[in-house]
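Both of the next two complexes hold subunit A, though its partner changes from subunit B to subunit C.
After this line comes the complex of A and B, so read on.
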């Protein structure tokens, strides 16, 4: 008798949406999450507002949690890490550790939704000095400051007068080994720039970039308003170094439009760190024998026509564990994975 | 081609307050909100720009500088680059609907109104044209060509200027009018034009950029206005 339950590994937006979808279709989802709370990186990193619609992130994650908590078709296991797996479609036996106790979870198919981690700016190849200068922060740090409603310089606690974003930190960089674009940082920086301009109207905000990648509606919903309404300064040209001079940070780079090198003073610099596979993504991929690409994201095998199937039958991967993704991508992939995983168990349970 | 020098604080003799004030004047123009939205450096304006082929001139750079509100850089451009624009408005095809050409129109007007030194220099080449149009109310004629002022007309501009009269007779064009032989404008029209220029401050603008030219024009205007019964109209 084939097992028709679907195991979902990872309780971020992708896992939550996959669980909701499977439950809605009348199947049972077993959702395991290694943290003690659902909501994934948006929750754990304290995101303030979502890109591009500026919706409150905490509220959005709560809505996603509400759809699966107390849902009779969803079994939630927090503080749970997957440790091994045997079997195949219709008959996976997945070992896990939950709250210090070893257990075995039986499932017909598996969805990996283990997500990404933010690039550690200590590994950047430029000289931005994230770990040296208090006022050099990341998008993640800035998001926390914005959420607190008190956007101030970490060094002094005072409101900054000049803030710069530096794009593509840890992305599009052969020296680091991450040639890919992290896809969301242009939008998030622009969103944060708008929030800073609204919170601190006297603060000048600059974005140093290589290309602004504002696909689809992000162009008219974020990029143009940031420039036209909120007077955010977009400067094409990257910074190579940040040095401290007295109380101020000096950003050294090239202003390519004006054809001149620049050394501009800033009170704060925000590094637009990209996405890398989370430790959980790498570990779970290895447990299931799922192929990873050269960046250690999970490789899906169907190209544009199938964004969730992996080399292992019955094991899907969805969301940011497969590569840089925005929330919309994650939700779409979660739906596809829910559908494909149910189709996989049905093929075994109800042969054609 | 002279390379455009955009070094920071190039005009250190002018205070930042003055640079800010001039840009505030540019921004306060009622056309402003329709000429600048935002720029993403696509380069269409430069691709379409005839001046960009002859000068180290970039409408994209103008749009960027004003979008950034970098008043130091804007002053540098107002003191030099904006005078390289042909005002043909080919740049109006901007996908963001910016108009670098109209931005420049406003910047030029502010430069002239404030008597910026470079406005005087840039307009020096147009003295004969202003003289002719202001006094007769009509046309540009070929002998207005001031060869030193228009390098984009090519090196043969001197030869053309020297032989203009003979060459035109050899053609000949439909009319052979020159600054001396334009058609006649009726008295009522020219008096109205003089009054309009007087009342709208155009004459003050000319005084600000070329005092010698102003004196010559005003002499003629005052005489004609007096003959027409406007003895109370005075220029000073």
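After this line comes the complex of A and C, so read on.
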């Protein structure tokens, strides 16, 4: 008798949505999460508002949790890490460690939703001085400051008068090895710029960029309001280094529109760090024998027509473990993975 | 970025360790200026009523290739925004006066950055601060003092009528007419403008139109002064003209000048003066078969779309219908025609900034346009805006095309065909 339960690894937005979908379709989802709380990176990194709709991140994650907690069709296992796997579709035996105890989880199919991690700006080839200058922070740090409702310079605790975002930190860079665009940073920077302008109307906000990549509705929902309504200043041209001069950070770069060098004083610089595969993604991919691409994100095999199937039958991958994704991508992929995983177990249980 | 000549430091002779070094060898360069991206002026501009849209520019640059000033120099809305973003004080910059408000940029702008509203708003501030090019200031003062930018006496505004054989009734005698003909300053005072006005009167009389003019009661519509920043002057003159209009009964207002058309149609309603305003080409186009044009002409012509008739007020067909109806006239279009029409340089105050502009462009806009007209092989450049006839005739001379290309108002051509 084939096992029809679906194991979901990762309790972020993708895993939560996949679990909800599977439960809604009348199947059982087993949701394992390494951390002690569901909600993934938005929860763990303390996101303030979601992009692009500016919805309170905590509230949105709570809504996602509510859909699976106390759901009779969802079994949640927190503090649980997958350690090994044998078997195939309809008969996976996945070993895991839950709260220090080794267990075996039986499932018919698996959805990997282990997500991403933020790029560590210490690896950037440009000299941004993230670890040297208190007032050089990342999008993640800025998100926390925004969530606290007190957006201040870490060095002084005072409100900044000039803030700069530097785009593409850790993305689109052959030397670093991340040749891809991280897709979400332009939108998130612009979203944060709006939040800063709303919180500190006297603070000037600049975004230094190579290309602004605000595809689809992000253009009119984030980029245009940021510039037109919130007066965020976009300057084409990247900063190459940040030098501390007294109390001020001097952002040095080339203004490519004007074809001239710039040295711009700032109180705070926010590095728009991109996405990389999380340690969990790399480990879980290896456990299941799932192929990774050269950036170590999980490779899906169907091209544009199948965004969740992997080289291992019965194992799907969804969300940011497959590459840079925004929340909309994650939720869509979660639905596709839920559907494909159920189809996989049904093919074994009810052969054509 | 090219090095500004002012940044080059050379001595005729420098002596270093007893060795004489000429200018080529002692040349030094000043350090390039680094801006700190002070957005105070940008903020001041985008806070002005009407100028808000400057902040929407995402610097795609689509406005630059269609900017008529860029064709003869370096200019365009994107550059204005770019400079503002980098701390340039537009209020004190020459860049403020280069725009002719021709509207070609707005036609292509994906973000609807509206220089037609931005320019007057920013210029108004500069005018209040007294930062106005001298020759423009003179046109403002003339308008204020004499009621027209040419500085002619108000009493002479109707003199062109006495120089015509046609009957031109005055509204103050008639009180009521189907058409109130708003003649405007250049057609009333300028030598070539007056000729067109006389031809227009002939045409109206041939059509047995029931019309009247205001004569010495008429004052400048002031649209170009408004666009050049003298908003106060515009408002005062609008009120005076509206008061004069209110004394008479008329069904339609006929205008010779597209700039007056623009003011009367779009701006006067904001001050309580709502009229059915029509440009003379729009008025004449459907009536051409009523004019007995027995004289077959032999002209190859090209036509210049005025910015304020075409792009600003959407009329491209009427002048072409007229040309089509005149016997013996063959129209060859210039590459830049209709919506893409080039600007003569006279709009938005440009009429009174020729000296100023000559410091910023390698040729006048009118010269650039005349050259294009010559390239078509036409022997006649036909216009229907009173700014153009004098501008283009000057440009024909300055570009050495005298004898090759003549400039005529479309009304002159009609009268010529009427024999």
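Rule of thumb we're sticking to: the second predicted complex is superposed on the first by the 352 of 352 C-alpha atoms of A that agree within 3 Å, B and C clash if a C-alpha of one lies under 4 Å from a C-alpha of the other, contacts with A are read in each partner's own complex, and residues count from 1 in each chain.
The definition used in the following text is that a residue touches a chain if its C-beta (ideal position, glycine included) is under 8 Å from a C-beta of that chain, and two chains touch if they have at least 3 such contacts.
Everything numeric here is computed off the predicted structure, so don't read it as measured data.
After alignment on the shared subunit A, the placement of subunit B and subunit C results in a clash.
In the superposed pair of complexes, A:261 makes contact with subunit C only, with no contact to subunit B. Look at A:227: by the touch rule set out above, it reaches both subunit B and subunit C. Of the two partner chains, neither subunit B nor subunit C is touched by A:208.
Between subunit B and subunit C, it is C that contacts the larger number of residues in subunit A.
In the overlay built on chain A, none of the stretches 171-179, 315-323, 351-359 or 369-377 of subunit C clash with subunit B except 351-359. Subunit A residues in contact with subunit B (one complex) as well as with subunit C (other complex) are 212, 223-224, 227-228, 231, 233-236, 257-260. Interface residues of subunit C facing subunit A in the complex, by the touch rule stated above, are 1, 32, 34-37, 39, 42-43, 46, 53, 55-56, 58-59, 82, 85-86, 111.
Interface residues of subunit B facing subunit A in the complex, by the touch rule stated above, are 6-8, 37-41, 60-61, 64-65, 67-69, 73, 96. Partner subunit C is touched in their complex by these residues of subunit A: 204, 206, 212, 223-224, 227-228, 231, 233-236, 255, 257-265. Here subunit A touches subunit B in the complex through residues 212, 223-224, 227-228, 231, 233-236, 257-260, going by the rule given at the top.
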